[in-house]
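Heads up, the next two complexes both have chain A, just with different partners, chain B and then chain C.
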Partner chain A sequence: MKAYINNYELLCDAGDTKSLMEAIYANKSAISISEDFIKDAKAGLGIMQYDNIYSLLIDVTSKVLKQSNLDNFHNTLLILASSVGGMQECEDIFYAQGSYTNIDPNRYSMNALSDHLDNEFKFYDSRAISTACTSSANALLLAKRLIEVEAYDNILVVGADGLCNSTVLGFHSLGVLSNKQCTPFDKNRNGMNVAEAVSVLLVQNQKISNSIQIKGVGASSDAYHMTNPDPSATGAISSMQNAIDDAKLNIDDIDYINAHGTATIANDNVESLAVEKLFGSKTLVNSTKAITGHTLGAAGSVEAIISCEIIKAGVVPAQTGLQELENTNINVPTQNITMDIKNIISNSFAFGGNNTSIVLGVCE
Partner chain B sequence: MKKIAINIVSSAKIFAPTKIEDLDEKRLCPTMMTRRRLTRNSKVMLYLSDRCNFEGGKVVYGSCYSELEETAKIANSVLNGELLSPTSFQNSVYNTAPSYLSLITKNKDELITLSSGMTTSKAALKTAALQALISKQRVLCVCIECINIPNINQINRCTKYLEAGAAVVVEVAQDLSDAVEIEDFRTEGIIDSLQDIMSVVNMHENKKDKILIEL
Partner chain C sequence: MILYIKQYSDFIDDNSDIVIKNELKKIYKLDTRRQDKFIHLAIYGAQLLKDKIDIDCYDELYVTSGVGDVDIVEKTNTCIYEDHEPLRIFDFINLLGNTTSYYVAKSLGIKGKNIFQISDNFTYINTLISIYSSLKNSKKNAIICTLDLNSIPSQTIKRVLGISNEDKVLSAVNCQKLSLDKQNSIAQVEFDTNIYTKDEIKQYIKDCKVDVVFSYRCKEFEHKNSRFFFETMAAYKVNSSIKKQQDIWYIDCYENRYKILKIKSFK
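Entry: the complex of A and B
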């Protein structure tokens, strides 16, 4: 069986899917500069407008159910992906009380979010994945494989991460946070923007009129360093090649690469090299994190939705924020390009050298 | 909804009320600088992988609370207005333990980490079965909880073993014949998130090594 993305919705700093795509094509970053998290320092952050992560999950998931051909999710597997799970609420309690006593252990981890959705929608089964910034890309990888082996007809993939002190201050401790709107692949980039999002995709084994097919998935491990990518780029190349092989496509069949593109020095250097080695200088590549920021565990699913929209629109967006391209051997667009887009590869890379790539395309 | 049968090729388990002693760290991680950075979950992961004679390939890891010690260090640093340790932050992500295993054993294959509350090890076993089915290779499935942090008594109401882990190497069986469902073969006192894989390890130790898994 083949896997199709049939419905989706999200909320991120730029708003819902429609607002996000308008921002992407207008090259308008939604990153705001905040002084709330780091003492005596500014940080560019992607901040959503919402009350709490739990009600937002229900809201976005309800919209996807309403769009879909399903009456309910009783025959659907939920795969939730997150890097912080219920951390926001637990942090608030701990900082207010200085004690763990009133923290509910069931609302601390990733299952806090999946259990909340399960209680509301009564899924057939649910599981939660947490591989840091590849979490929701890996959820899509597993969804594609589960459909392929005919284990499920319907799988709901949810990527969800809210901003937490621990993540913002943690990335600050690594010295990789930008104090302005990030500029992926730019020679003068100075780091990433931590961000938050909830993104929901319904993956099914039946094609509908506007389906986008998950054609291939691939993953690899660098086995090099806990935070720095392998400078030879072998892990990133292997991940992309595995996804293209799984899709039974050739390198030339990929029209556009939605890069991980965090705008850290290390990531963009290595990812540029991987793209250069694997694709040469012809295939278009950019990073939409210039608009959304890095939504961590939700990034893979956010960028899968963006990739679906780009295929449907037939327009590759310009790289927002780019002034001077560092690696001139890759093809980063400086203006929106209208073209026939059949296949996109979307990359997600994470701590521990965890790499995942997803090939999305028009249905075969 | 599909069931397949998996063979349990090898298994291991370990647990202790407070701290597991002698995880053979010097042999399993000879590089001192790396060894000093290993989290407790990572050390238990290396030990269990070695006990299972795993020689590389896809790894599925499950943990409900994962790197609780590092997360607690970060939370306390924030509370006290101290600078965060970069090492604590990089070691706080849920896939830290399999990442160290990958780094130390030079395993470049796929790593998936699940964290599904008290059904974590069941979800990990399902995912390991899927990965074995897709790859037609043996897959290591490891589930660990190390929650021995200062003041854990403020919140621990569920386990008398603050460090515990279990692992199996699985492969897809040729057919479903003689395969059995996972029995309730619990190890009393172990946190529920590990009980499914503990049951499978206990079944394997009792010569029941062909298990039915619903993907």
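Entry: the complex of A and C
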């Protein structure tokens, strides 16, 4: 059984899917510079327009249900992917009241978001995956595997993370936050932009007219260092190679690489090296985090939606923010390129060397 | 869906005088700095398993928990709000689920896929389904590390779990090496994606020839409820049945929805 992405929608700093793609092709970053989170310091952040993450989850998921061929989600598995789950609301209450007493336990833990969606839509079953920045890529990986063994016909993958003090201050403490709009793969990049998003994809075992197929998934673990990737790039290479093998494709079959590309020194160095070693200098690669920022647990699903849209549009976007390419042995486009795109690989890499790659493409 | 259990390890912290951090340092010569108790518990369970069976570097790793590490959430919030201190790097890192799976992977020398899956219901069985679907493709073996940490004082964790004040929440880690290959296995665990109603379960177990064990959450069935609980208790019950060489059916429940695990121990 094969897995198809049949419907999707998102909200991020650039707006919904349509607005995001317009921003990507216009090379217009949606990152704003904020002084709200860090004392006496600026940070580039990807900030959404929304009331609260719980109502936003319902809203985006409802849109996907409406687009779909389903009447409801009663025969659908929910896989929620998040790095900090209900932390945002938990922080708000704790900071306001200085106590945990009035925090609803059901909106507190890592899987608070999946419970909330489950209560609203009555999914057949639900679970949550939390592997930081690979969370929703791993949710897509799991969705493909579950459909292959015919465990479920319909799987809703939801990536969701809201901005909160714990993540912004946490990345600040690591010294990897940029104080401006991030510039992936640029020689003078100075760090990442923490961002927020809710992205929802319906994965089914039946294809429809505009399906995008999840052709291959791959994962690996560096087990090298808690926050830094293996500098030899073996984990990143292994993850991409595993996904391409799973798709039964060759390296040359990949038309474009949607990189993890956080714009930190460590990630971009290692990912560039991995791309160089595996693909050489021919295959196009860029990072759309220059527009969206790093949406953490939602990143894999946000970039899966972007990849679906790029396949449908047949246009690889230019790398936004790029002034001077650091690794000149990789092919980062400086202008939008119209071409026939059959297969894309999308990378997600997380702390602890937790690597996941997804190959998406036109249906076989 | 059937997975074969090659070996297991189990440890309940509250029933033991063992100081895990010291054990990790003294016996396993592991660096325990910068890690919290949740991570220590996971690594300890994994090392107990490693003592009993070889771990391949390409085994897949699944760390799973009911509610994760409640203590670290409280600690980081307190640091920012009450102490007005900058968030400490390793508190932030330990907040993330895959930090635990990273340290477990590193201690076992695993380079394969590692996943931190969390589910406040059917935690163990949901992860078994994930593992089964992955191994069918990869043909590798998997390590599952199920753990839950009681926070002190336990009011918060009891509220999160929905446990009455009279009952006790325990810290526990239960690990297993799982495979699709029956050879040299000590037990099998059978499961599926079905969800049953209470009436369906009653009908289902009517002719059962083995012991039926109900989880703490199966309040509507007359049975001897344990007065202690942790969300990954299903894994503990599986390990206990293997230890006693018993065959059992384990019934778990969440909000009037039921799932079944069938455990067969190979004598």
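FYI, the second predicted complex is superposed on the first by the 364 of 364 C-alpha atoms of A that agree within 3 Å, B and C clash if a C-alpha of one lies under 4 Å from a C-alpha of the other, contacts with A are read in each partner's own complex, and residues count from 1 in each chain.
One rule holds in what follows: a contact is a pair of C-beta atoms (placed from the backbone, for glycine too) under 8 Å apart; a residue touches a chain by one contact, two chains touch by 3 or more.
All of these numbers come straight from a predicted model, not from anything done at the bench.
Trainee: Following the overlay on chain A, give me a clash-or-fit verdict for chain B and chain C.
Mentor: Once chain A is superposed (C-alpha atoms), there is a clash between chain B and chain C.
Trainee: Considering only the touch criterion stated at the top, classify A:Ser99 as touching first (chain B), second (chain C), both, or neither.
Mentor: After superposition on chain A, A:Ser99 lies in contact with chain B alone.
Trainee: Mind working out whether A:Gly352 is in touch with chain B, chain C, both or neither, as first, second, both or neither?
Mentor: Both partners, chain B and chain C.
Trainee: On the A-aligned overlay, A:Ser166 touches which partner chain: chain B = first, chain C = second, or both, or neither?
Mentor: After superposition on chain A, A:Ser166 lies in contact with both partners, chain B and chain C.
Trainee: Once chain A of both complexes is superposed, is A:Asn111 in touch with chain B (first), chain C (second), both, or neither?
Mentor: Both partners, chain B and chain C.
Trainee: Which chain A residues lie in the overlap of the chain B contact set and the chain C contact set?
Mentor: In chain A, residues 83, 87, 91, 94-95, 98, 100, 105, 108-111, 115, 124, 126-132, 138, 142, 145-146, 148-149, 151-152, 165-166, 169-174, 219-223, 226-227, 235, 238, 350-354 are touched by chain B and also by chain C.
Trainee: Can you tell me which positions in chain C touch chain A when the two form their complex?
Mentor: Residue positions touching the partner: 1, 34, 61, 67-68, 70, 73-74, 76-77, 80-82, 86-89, 92-93, 95-99, 101-103, 105-106, 109-120, 122, 126, 129-130, 132-134, 136-137, 156, 159-162, 193, 195.
Trainee: Touching residues of chain A toward chain B in the complex: what are they?
Mentor: For chain A paired with chain B, touching residues are 39, 83, 85, 87, 91, 94-95, 98-101, 103, 105-106, 108-111, 114-115, 124, 126-132, 138, 142, 145-146, 148-152, 165-166, 169-175, 219-227, 234-235, 238, 350-354.
Trainee: Which part of chain B faces chain A closely enough to touch in the complex?
Mentor: The touching residues are 1-2, 37, 64-66, 71, 74-75, 78-79, 81, 83-86, 89-96, 98-100, 102-103, 105-120, 123, 126-127, 130, 133-134, 151-152, 154-155, 157-158, 215.
Trainee: Quick one: which bits of chain A touch chain C in the complex? Just the residue numbers, please.
Mentor: Counting only chain A, the residues touching chain C are 77, 83-84, 87, 90-91, 94-95, 98, 100, 105, 108-111, 115, 124-132, 134, 138, 142, 145-146, 148-149, 151-152, 165-167, 169-174, 219-223, 226-227, 235, 238, 246, 350-354.
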